[in-house]
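The same subunit A turns up in both complexes below, where it pairs with subunit B and then with subunit C.
What follows is the complex of A and B.
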């Protein structure tokens, strides 16, 4: 039925089966849109956040998907600027994933902030003293850049490229893609950093507060480094998932190897920096603010296990597995290591967002707990559903993996 | 915008912050506008066909891009990087000068389809025959004709239309699948004749034609054998590998023996439209 739109030489599931795959995701999207409508129409009383627990599931997951979406900018940087040609095999997929992550994050922020019709206020009346202003600017700019990077993929669709005007535009756009890759790197560098810096400047929250390096708190640099380190792992993990779901080999083994090598090396640097930062915070910053760091880990469920899990189990372990040639060449270790690395960045963002707000800051403060409402959960699941639908449609109709056709023609080993 | 905002202050921090933001926006907008302007210029200068071929050629697997001198054993392992247009290839001129024989001129019967050597061949499975009146006759070679079988529709350029080497010279729709035919020559179409896949175009090259990029002599059977190998590879399943038996003759309608999506892939593979 839709054969004329499919890329040539890539076998795809029959149209009916494809629609069947989309149905549950579309249902989830529908429920989530209704939940989002409730939040926008009736207000944030639909959530379980309050004045004390102002960052909940939405901000935590926003920070996580933005970190994971860094795979788009970092893969682009490695390909177009560092000339790692092997990554041409995954750049299209990385761009689509980046676009999904960032557009999803912006959509959730629009619900969280509310009054989307007044979104332009943030640009017209910016609070220049807020790191969130810089984050807002960078997110919107980078989403625009990602949309531009997505455009050539659409224009290479089998039917669209028959139109000469579309074809030449795609060709010329492709030639200037390095500029967009550089702009994306610049923007990502700052907004990933500002998201981290946001916590590091909270002097009233000794659990998050960090000393400054130059003008920025150390969390500014740690967020950049962790996002750059985990981005390639997320590209690796998503490519592996797509291979499993579609039942096709999409990229050559060397591509996985390169992604793992880059991710593992950067993750090692990150774990080292994070360890130094934690030691400085435990031995200096926290005491300087008059708080014994041991008290931060006295409230269940956030024991010292959380610190161990974040830095060692989900940091050092995957870093070593990905960085060491022998372990990363073992598929049974490579893919779990990539997933562990992604879980590590999710854990870090959870600790920075939820644990920071849950811990008491004054002697009479209670330890707070927070469980997201169904509206919060459903709104976020709608973003997941939107991502699955957009990626599935892109995978079906666009050439996301240029090596797919060549690999399909090779006899199976 | 911001200087009119009540919160804006003319200090170094504000200027640097917004300066950076607007520099980014200006860079994005200028780059996009630059790409759009170049695209408009390309379209106006008629470069769309060359760009389309450039894109298709880049997508071809390495196995589909052997240099003609690799086929004849003169440059083992060499892959074409010029879009099969040898007219501007320095290496081609060098290798051509060293060639001592143009090879057999007798028809070969080893490849399983007709391959008359009284004409020149293009890598996109078209042939060219110079006529005594200075025009060129262009047609689909026998392998391509067997691939497309009996087409439902053949769209050919009308008399007076310009053709460019590696630009489109028509579209064929067969068994619900569509594929374009690459032009082997530059020139103006004088007339189109023939039915279905047996069509021919008479082309006026507008002077002495430059046909250096076309295969001739000993290159033709070598290329045909390689194309047969590629066809075998394209027909084979990923589980079985190449499954076509050696020898024999290529069936008259390849599409009749293949499921639709595989046939589509084979058409694209062999007629160089990935």
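What follows is the complex of A and C.
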């Protein structure tokens, strides 16, 4: 039925089966959109956030998907700037994933703020001292860059490129794509950092506050490093999932190897930097604010296990598994290691967002807990559903994996 | 962000005597009525209701004695945690009065200022404000009501300051910042709250702020709060800020 739209040389499931695959995701999207409507129409009283837990599930997951979406900018950086040509095999997929992550995060932010129609105020009356201003500017610009990077993929569709004007447009866009990759890298570096700075500057929250390096708190640099380290792992993990779900080999083995090598090496640097930062924070920053760092871990369930899990189990362990050639080349270890690395960045964002707000600041404050409402959970699941649908449609009709055709024609090993 | 001070301006603040406060809550009620804080909806609780001023009960475990601590925006001075974080300048420090103002019409409702405030002195409008029936007749025409989706907090009754400035100007002006009284100070039956210009050596508030036994909450964070507390009882001091009298700096 839709054969004329499918990329040449690729086999795809029958249209009916494809629609059947989309149905549950569309249902999830529908429920989530209804939940989002409730939040927008009736107000944020539909959530379980409150005056003490002013940020909740949405901010945590926004920070996490933006970190994971860093795969787009960092793969672009490696391909176009560091000339790692092998990554041309995954750059299209990485761009789509990046676009999904960022557009999903922006959509959730639009529900999360109390007055979404005033979002333009930040551009008109910006407070240049606020990390959130930096985040807003960079996020908006980078989402535009991602949309521009997504455009050539669309224009290369069989039917669209039949129009000569579209073909010329795509060709011209392709020529400047390296510039957009560079701009995207610059913007990404800044907003990943600003998201870290968002918490690092909170002098009123000693658990999150960090000393400054140059003009930024150390979390600014740690967020950049962790996102750059985990981005390639997320590209690896998603490519593996797509291979399993579609039942096709999409990229050559050496592409996985390169992604894992880059991710592992950067993760090792990150773990080292994070360890140094933690030691400085424990031995200097906390005491300078008059807080014994032991009190941060005195409240269950956030014991020191959380710190150990974040730095060692979900940091050092995947870093070593990905960096060492022997473990990296073992398929049974490679993919779990990539997932562990992604879980590590999710854990770090959880600690920064949720643990920071749960811990008391005043002497007579209680330790607080928070459980998201179904509206919060469903709204976020709608983003997941939107991502799966957009990715599935892109995978079906666009050339996300240039090596797929070549690999499909090879005899099975 | 370091606050800028206007030469000749005031630095309004208050000193709350915890040994006089009996926890009656009159200050909180007066504040709510004066500033058009809407009645709480049915589903509201102590964590999502709007309270510009809240009276905390300080109680040591296993002990029968208790003290009360009224808490509102501390109007931080030197390094205001909320001002620098707001992306659209909806939080400002007035250089002429030192009052940390929230500008609800500019507020995006991102709640970053709430996450930044160590005193949890800010409230978000989770619901549409509603004054059912003839309760609208209780609204104070001097204070704007706020909409759903914005943050609000204590303004040190800045509308009363405005009225005092107008009165001073009508009477030929003066060289000194005007004297005025916020609603909570007026309502306290125990006289536990003293308000005034902390830079004016003749004001009672300035004298008490510097007197032994006065302290500020979370002094160690360097927020430069303009609300001081006083107590002569060590156990109250310990429950209020985790320290005994004499530990660290007690006044600034």
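The working rule: the second predicted complex is superposed on the first by the 409 of 413 C-alpha atoms of A that agree within 3 Å, B and C clash if a C-alpha of one lies under 4 Å from a C-alpha of the other, contacts with A are read in each partner's own complex, and residues count from 1 in each chain.
Operating definition for what follows: a residue touches a chain if its C-beta (ideal position, glycine included) is under 8 Å from a C-beta of that chain, and two chains touch if they have at least 3 such contacts.
Computed from a prediction, not measured in an experiment: that's the story for all the values here.
Colleague: Which of the two partners, first being subunit B and second being subunit C, lies in contact with A:204: first, second, both, or neither?
Modeller: Only subunit C; A:204 stays clear of subunit B.
Colleague: With the two structures laid over each other on chain A, which partner does A:402 touch: subunit B (first), subunit C (second), both, or neither?
Modeller: Touch partner of A:402: subunit B, not subunit C.
Colleague: What is the contact status of A:3 with respect to subunit B (first) and subunit C (second): first, second, both, or neither?
Modeller: First partner only.
Colleague: Let me test your reading of the model: by the given contact rule, A:84 touches which partner, first (subunit B), second (subunit C), both or neither?
Modeller: neither
Colleague: With both complexes overlaid on chain A, does A:252 touch subunit B (first), subunit C (second), both or neither?
Modeller: Touch status of A:252: no partner.
Colleague: Report for A:114: first if it touches subunit B alone, second if subunit C alone, otherwise both or neither.
Modeller: second
Colleague: Does the superposition put A:51 against subunit B (first), subunit C (second), both, or neither?
Modeller: second
Colleague: By the touch definition at the top of the document, which applies to A:125: first (subunit B), second (subunit C), both, or neither?
Modeller: Both partners.
Colleague: With the two structures laid over each other on chain A, which partner does A:289 touch: subunit B (first), subunit C (second), both, or neither?
Modeller: second
Colleague: Does any part of subunit A touch subunit B in one structure and subunit C in the other, and if so which residues?
Modeller: Touching subunit B in the first complex and subunit C in the second, residues 124-127 of subunit A appear in both lists.
Colleague: Which part of subunit B faces subunit A closely enough to touch in the complex?
Modeller: Counting only subunit B, the residues touching subunit A are 1-2, 5-7, 13-14, 17, 21, 24-25, 27-28, 31-32, 34-36, 38-39, 42-43, 47-49, 51-52, 54-55, 59, 61, 176, 178, 233-234, 236, 238-241, 260-261, 264-265, 268-269, 273-274.
Colleague: Please output the residues of subunit A touching subunit C within their complex, sorted ascending.
Modeller: Per the stated touch rule, the residues are 43-45, 49-55, 112-115, 118-119, 121-122, 124-127, 129-133, 136, 198, 201-206, 289-291, 356-357, 361-365.
Colleague: Which of the residues in subunit C come into contact with subunit A in the complex?
Modeller: Touch residues, subunit C against subunit A: 1, 41, 43, 45, 47-49, 56, 58, 69, 79, 81, 84-89, 106-112, 114-120, 122-128, 147-151, 217-218, 220-223, 238-242, 248.
Colleague: Given the complex with subunit B, which residues does subunit A contribute to the contact?
Modeller: Listed in rising order, the residues of subunit A that touch subunit B are 3-4, 6, 8-9, 11-12, 123-128, 134, 137, 141, 144-145, 148, 156, 161, 164-165, 167-173, 175-176, 179-180, 183, 186-187, 399, 402, 405-406, 408-412.
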